[in-house]
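Each of the next two complexes has chain A plus one more chain, namely chain B in the first and chain C in the second.
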Partner chain A sequence: MYETTYHRAESVADAATRLAGAEDGKLLAGGQTLLPTMKQRLAAPSDVIDLTHIADLKGIAETGGGVRIGAATTHAEVAGSEIVKRLLPGLAALAGHIGDPHVRHRGTIGGSLANNDPAADYPSAVLALGAVIHTYTRQLPAEEFFAGMFETALDEGEIITAVEFPAATASAYAKYPNPASRYAMAGVFVARLGDGGVRVAVTGAGQDGVFRHEGMEQALAGNFAAEALDGIAVDADEMLSDIHGSAEYRAHLVTVMAKRAVAACG
Partner chain B sequence: MADVTMTVNGKTVSKTVEDRTLLVQFLREGAGLTGTHVGCDTSQCGACVVHVDGKAVKSCTMLAAQAAGSEVTTIEGLASGGELHPVQAAFREHHGLQCGFCTPGMIMAAVDMINRLGGPLDEATIRAELEGNICRCTGYHNIVKAIAAASAEMAGVRTAAE
Partner chain C sequence: MTSSAEGIGARVTRREDKRFVTGKGRYTDDMTVPGMAHAAFVRSPHAHAKVTSLDASAARAMPGVEAVLTSEELVADGVGNLICGWMIHSKDGSPMKMGAWRALEGDTVRHVGQAVAVVVADTPARARDAADAVVVEYEPLDAVVDALDALKPGAPQLHPEAEGNLIYDWEIGDQATTDAAFASAAHVTRMEIRNNRLVPNAMEPRAALASYDEAEEHYTLWTTSQNPHVARLVLSAFYNIAPEHKLRVIAPDVGGGFGSKIFIYPEEMVCLWASKKTGLPVKWAADRTEAFLTDAHGRDHHSEAELALDADNRITGFRVKTVANLGAYMSLFSSSVPTYLYATLLSGQYAIPAIHANVKAVYTNTTPVDAYRGAGRPEATYLVERVMETAAREVGMDPAEFRRKNFVRSFPHQTPVIMCYDAGDYDASLDAALQAIDYAGFAARKAEAASRGKLRGIGFSCYIEACGIAPSQAVGSLGAGVGLWESAEVRVNPVGTIEVLTGSHSHGQGHETTFAQLVSDRFGVGLDTVSIVHGDTDKVQFGMGTYGSRSGAVGMSAIVKALDKVEAKAKKLAAHLMEAAEGDITLEGGTFKVAGTDKELPFFQVALAAYTAHNMPEGMEPGLKEGAFYDPTNFTFPAGTYICEVEIDPDTGKTEIVDFVAADDFGTIINPMIVEGQVHGGLTQGIGQALLENAAYDEDGQLLSGSYMDYCMPRADDVPSYRLMTTVTTCPGNPLGMKGCGEAGAIGSPPAVINAITDAIGSNDLVMPATPAAVWQAIRQGRTAEAAE
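Moving on to the complex of A and B:
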């Protein structure tokens, strides 16, 4: 790791000021991606601004029609939250299978979303549930937030403060993890919404990161059962292909994971 | 440079270190506690697992400065008064270690999972909870047996004490 300067921000405003004053600063949320990247010298920020001691960024609260999760809330806290387990069991289960127990004690939802790794788990839940990402300055609907691999609609220096999820009638997530990294080779989040609509979001498999599969959504809106997905095509031309799996393999996995998620919705 | 103070195994440790110093370096080189190991250095193997404020973390994936003000427990802090912690004793009893390199992280992960989930723990739970810890000798079987035995013993002790 190259030299860097550590800052412990006391508030979101303090973090923004410190970031603006840094030559090439980076926000440090859970650090479970940033620190390994810095150790490999693939990132060399002049300053790292630690967000995890800011009280305003922590905690899980039930809102009128859903759940608000502070950006610095860890995966373990989301997985163990009684509120999340009751209102969005698929989201709790997703959080409980990110990485490993030690990673889940440090990694945060805000950090995961800001990084937008194409194989990260959270983006699928955020997109399928139609969550709203709150930042220091504005609110971004999930549809506008994700902008391709490792790209988001966040401006330079913009800090995520919370994510607000609407409650769903049913929700479930199924993923096929890479056996070594535990990142999704294909992960599918299925949500049945209060208006009767169904949303399906896929992570780990698409060339441009997380995406919704409208063919599956329409089929499931008509018949919410795993067999409704038989014959629904997943286009291999739009899938990732790498040493871990070909595009055709991932396209197949997407359907299998989608069926498992539907079955898990009960 | 950063002035970093934390409590390690009940004792206050203060050092002036580079900001980029990892917690594991602080513990090994600063506090002289070499029981915590560096295995992969890529945040995967879990040989460096310690507890920070009661939670298992990979100390190679946390800056020492991030842990300033925290309570840290390492493998050296588990035994009390020369008597092994039940998980340590179970690893010896069930031959849960071979070369011993992964053992500190395995034991810290095991204590964390028993603290969180209670006991006795079944095999599937133990194996799932060990996803962040890699062993290249024993094939995990005896590690899992040791944790199962320790979790049952600790649950029994808790019941007896209640």
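Moving on to the complex of A and C:
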């Protein structure tokens, strides 16, 4: 690791000021990607501004029609939240299977979304549920937020403050993990929303990061059952291929995981 | 012989674990010497390239930098090339073709991660920064990573010494009689078999701390070694570092080796050289990336195997052709692994009248390959047991009964490939495993699994391996550069406490417990009065170290011989002190007694008398200390049966090992708990090879699985709760009847797993690792093939 200057931000405004004043600053929101990258000397920020001690960024609250989760809330807190478990059991289950206990007690939802790893779990839930990402300056609907692998609509220095999820009638996440990293090789979040619509979002498998599968959504809107997905093909041309699995395998896994997520919705 | 509650056979908890589990272990990287500097290596990013220039001027000017040293200076100082210590001759009689391997390469780099220079600086971070500032220009050359590709005409050539990248073309067995067996065979089973490449991944990465004392012209090296004396010998005799009496090598606590810490590597040598060059103690500790790129890898074979059967399904011949990938350079024992440690076990547990094997060893632009847990025997076992299972399926015989029909049953049994099996009962372990798994109930379990949509399969592996590689004269005649005996010294202190100095080295095996149990058993003294000393060339006179599951069968046999001498002298002294005949003295429960009387003397009083020397028998020297060297008469032959049951999810290809039974014959067992731990670890490594682990290179020679994000080590949820049992035939070749247990699990388990998966999916076309993607693909191909018929 290269030398860096650590800052513990006291407020979002304080963090923004420190970031603006740094030569090449980076926000630390849990560090589960940033710190390993720094340790491998693949990143060398001059300053690291820690967001995880800002009270305004923490906590989970029930809002009128859903749940608001502070950006610096850890995966373990989301997984253990009674509010999340009641309103969005699929989201709680997703958070409970990210990484391992160490990761879940350090990693945060805001950090995961800002990084937008194509194999991260949270993006699928955010996109499937149609969550809204709150930043220091504005609100971004999920559709506008994700912009391909490791790319988001966030401006330089823009800080995520919270994610607001609408409640769903049913929600579930099914993940097939990469045997080595345990990141998703195919993670499918299925949400049945209050208006009767169904949304299906896929992480880990696509070449451009998280995506919705409209064919599955339409089929499930007509018949919310795993069998409804029989014969719905996922285009292997748009899937990732690497030493862990071919594009065909990932395309196949997407359908298998989608069926399991539907079945888990009960 | 006496015995105690802490003696042979007792489940004593490991004495060394207190320091390990409380973080009080002392590993090489924990050592500090005043004024210590740190080394960082400049490494090649290319698999094959000419080094066209190296500019260290910027690095030398950086803060804290003491030196940047290159190949030119290494060669000028007369530091020798790294060597391979086992000479193999090709079938035409020519010696193996060894390419030059310099610890720092200044001309042509041949694998990613090869060191071209070293920086010595006052902190690790500054050394790293300066290493990054060394400007090296390369002219990339075409690379070759697969051994079969390396043999093709027109393949990139690695070493001028080895034309066509061929190191040797070796054979064993009788080709004419084997060919004749095939000519008259009723059935022939043919297979192509791949053994995947593995990265050892010891928990503690390699490290070295070298300190040169200019006044004494003496070096001290702390290092992560399984065999510090062998390291000293090689560093002295071949690399011209220092004569042996001017070089002390200490291998303190070592966090796992699995073979990868047997060898002498460039980095440790460079630290020694740099410590003299800079006048500073120099430390280096590998990070995990360096471990992936530079620790010797394991396995990597392509084989063709053919098994000939007569009309009664008895094996009449076995013919094998193997191409072994040795990587970019010949590591210390690399040449012996795919030859004498591999092809000599191709008879398995079976009476096979004719065997012929041909092995070609090949250079490629990959990390050097050498011994890794099992070293040759896993490759042999995988080949034999995959072929046995396949042959049974082809002739329509039950795979257990097909094996049983061909078992060796009379001992000693001379195979056609050098080995002479001394003792065993292969029916006993097969029977025990069949009963434990409830073989008769398998069909019902398979049907029940099918009702849940799962494919259930069962697979066998009746393995045999060879431990305690020996005797020295025999291995010498086969090309080994060293003898493979072991030494021990037993020092009884004046107060009766006992220090045992051993040439074996413990890096996870629990020797501090089991070796003390032997002493406790023998003298009836408490374990707390015994300490085991190992891993320091200044304390232990000489030793060959620990690998090949040799420390019990060879290392403890040397201790037995030394204990014999101590006991004989102590009895003589006790007899003198108690005015009795020597033949009437017994040693029971830590006390010398005169048979038929109530006269007795505690052990410590006899020890004290030996040191006060006030009252000794005529001519007896004072003191109570004896040493011994033990050279075995033969290998030992652990064997057993492993049965694996799997369930496969056809939707994802995911394999779950639902049951695993291991029936092993290790001969005499000192501590069943430690043996079970060894088997658990071995099985888990074997399952890792079968299902998860793969060192994958791209065609340019970049290691794709160079971190834990892509290299899949087995985790707790990948393995079942093993069911272990032992059957015992004692080894006639050593005083305790021990065979060895350290590698059996890794040797025997991969074929059991793959045989179970191929049974479940009904397709034999599957290579290791059987990842979910690979199994799914095999299922899909099997169904396509079925549909086409």
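We adopt the following convention: the second predicted complex is superposed on the first by the 266 of 266 C-alpha atoms of A that agree within 3 Å, B and C clash if a C-alpha of one lies under 4 Å from a C-alpha of the other, contacts with A are read in each partner's own complex, and residues count from 1 in each chain.
In the analysis below, a residue touches a chain if its C-beta (ideal position, glycine included) is under 8 Å from a C-beta of that chain, and two chains touch if they have at least 3 such contacts.
Since the model is a prediction, treat every value here as computed from it, not as a measurement.
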Handout entry: Touching partner for A:99 - first (chain B), second (chain C), both, neither
Key = first
Practice task
Have a look at where A:194 lands relative to chain B and chain C in the superposition and call it first, second, both or neither.
Solution key: neither
Exercise for the section: Scan A:32 for contacts with chain B and chain C and give back first, second, both or neither. Expected result: first
Exercise for the section: Check the residue A:3 against both partner chains and state whether it touches chain B (first), chain C (second), both, or neither. Expected result: both
Handout entry: Partner chain in contact with A:52 - chain B first, chain C second, else both or neither
Key = first
Exercise for the section: Identify the partner contact of A:41: answer first if only chain B is touched, second if only chain C is, both if each is, neither if none is. Expected result: second
Problem - Partner touching more residues of chain A, whether chain B or chain C - result: B
Handout entry: Doubly contacted residues of chain A, that is, touched by chain B and again by chain C
Key = 1-3, 40, 180-181
Practice task
Give every residue of chain A touching chain B within the complex, in rising order.
Solution key: 1-6, 8, 28, 31-32, 35-36, 38-40, 48, 50, 52, 76, 99-103, 105-106, 180-182
Exercise for the section: Please give the residue numbers of chain C that touch chain A in the complex, ascending. Expected result: 125, 128-129, 132, 289, 651-653, 692, 694, 696, 704-705, 708-713, 771-773, 776-777
Handout entry: In the complex, chain B residues that touch chain A
Key = 2, 18-20, 22, 41-44, 46, 49, 55-58, 60-63, 65-66, 68, 109, 112-113, 129, 131-133
Exercise for the section: Provide the residue numbers of chain A that touch chain C in the complex, in ascending order. Expected result: 1-3, 40-41, 176, 179-181, 243-246, 249, 252-253, 256
